[in-house]
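A short write-up of the structure that comes next.
To keep things simple, chains are lettered A, B and C as they appear, and every chain counts its residues starting from 1.
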Amino acid sequence: MQNQPAAYEPARIGIVSISDRATAGVYEDKGLPALKDWLERALHNALSFEARLIADEQGVIEQTLIELAESCCLVLTTGGTGPALRDVTPEATLAIADKVLPGFGEQMRAVSLKYVPTAILSRQVGVVRGRCLILNLPGQPKAIKETLDGIFAAVPYGVDLIGGPYLETRSDVVQAFRPASARRY
Amino acid sequence: MQNQPAAYEPARIGIVSISDRATAGVYEDKGLPALKDWLERALHNALSFEARLIADEQGVIEQTLIELAESCCLVLTTGGTGPALRDVTPEATLAIADKVLPGFGEQMRAVSLKYVPTAILSRQVGVVRGRCLILNLPGQPKAIKETLDGIFAAVPYGVDLIGGPYLETRSDVVQAFRPASARRY
Amino acid sequence: MQNQPAAYEPARIGIVSISDRATAGVYEDKGLPALKDWLERALHNALSFEARLIADEQGVIEQTLIELAESCCLVLTTGGTGPALRDVTPEATLAIADKVLPGFGEQMRAVSLKYVPTAILSRQVGVVRGRCLILNLPGQPKAIKETLDGIFAAVPYGVDLIGGPYLETRSDVVQAFRPASARRY
């Protein structure tokens, strides 16, 4: 599998906010701006975003993830990972997964547990579909930042391993880790 | 979903001890008293217990959990979570689950690992069925206490989110955590 | 279930290196020697090894694990646990499992995370099949050692509980933990 040259083509990243109420206009969505801002601060690459705001409907979430995984190397979702009846983001993500990466769920919860004991209730998962890494993040902008700060160091090498573009991080935000054999610069 | 008024109605909690030998009378069950004692010390609410002592039979465990989840907001099991052939509590719990909450298993093992390295062998899970949160606890009274001390802070808010009664903890035993927007007092 | 007397019969242990390239002779396999060396240093028991070097083919891995689980009390695999398309060791291991022990995957990743942030990408699992405990280890000899150092204390009691031989560790390498009731010496 050939990695795409980061210098020539922007890395395409899907961001998906999953919320009945934000979709219905009951409140303003803060998930998409939080994801976009963090990624723009963290990555050197030129980025092209595919943004979606959708309701907590498992079928809609599955279709959205299937579509985004076709062209994106990374998809981050926010919302819908709690224990309530309408929280079905993890179910949708697992349903369209080729491989599950349990370390992401474990580590995202471990990171959030440093801030709130109720992080234990979060059901976030990380999966691979084709050449796309999909990660469920929490719903609150503050928790999105805390979680990405805590786990993103492993994302660029994960994207390498599934045939995606070479992501480069800004070391003042997060320091990507790769084994020496996988480093280009 | 309307939460039940804690002040008027006791919170109904299922406690289930799963052990071939205690069921056969080979030894005295210590699981049910350990669960009941801990809950009475930890919660302010009036409590109504549904207690069951049953054998390590997957079908029996499933039926017991299905029945208790009808009327209880919380079901705690003890026993049957090890790697031995007759240990089938996690299988039974997963079989009747609507949603799995992986954070409970992870965190219960992380808590127990502070005491014994063999906590890694425990296969405890936490799940939601309908409006009931079901948690598998270890078999030993000492480990039951250690585990509940370590994870119960997240249980009241978890019960809120699935439409259960407002559980209030005694802060000398455990301090329930809720986001500000979910606090009533 | 009668445990076999460790003094009379060697403990039979399966070691499996899973790698397309080592199988094709592109490079020398370092996984089998790393597993064997660690086990010989860690265990007092006389040991009889069943060693296999196989490609990253799910069917081949499954058949190998099924065969080894017939006669071995413990099978350790190395390789094939990453997120890449050809990494299918966890899928094969789960496919032939009687019981999954999620604590092993969680704790192996937690141990490796102390060394490299990309440990989050590892999908290792631990399972029981019949009377055999099967653990997926990382691919690199250094990571094999770090992981076994970090989790093996729980393995002898795990093997006890599924009816295997009484494994005794050398305390300068790792100190096996058993509850007092399970200790023989």
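Quick notes on this structure:
By our rule, a contact is a pair of C-beta atoms (placed from the backbone, for glycine too) under 8 Å apart; a residue touches a chain by one contact, two chains touch by 3 or more.
Owing to the predicted nature of the structure, the values given are computational and were not obtained by experimental measurement.
Viewed as a network of touching protein chains, the structure reduces to a complete graph with every chain in contact with every other. Taken over every residue number at the interface, the positions common to subunit B and subunit C amount to under half, indicating a different-residue contact. Centre to centre, using the average C-alpha position, subunit B and subunit C are separated by 32 Å. Annotation for subunit C: residues 102, 106 touch two or more other chains.
Contact residues of subunit C toward subunit A in the complex are 82-85, 87, 91, 102, 105-106, 109-110, 113, 116-123.
Interface residues of subunit A facing subunit C in the complex, by the touch rule stated above, are 1, 99-104, 106-107, 128, 133, 151, 153-154, 157-158, 161-163, 177-179.
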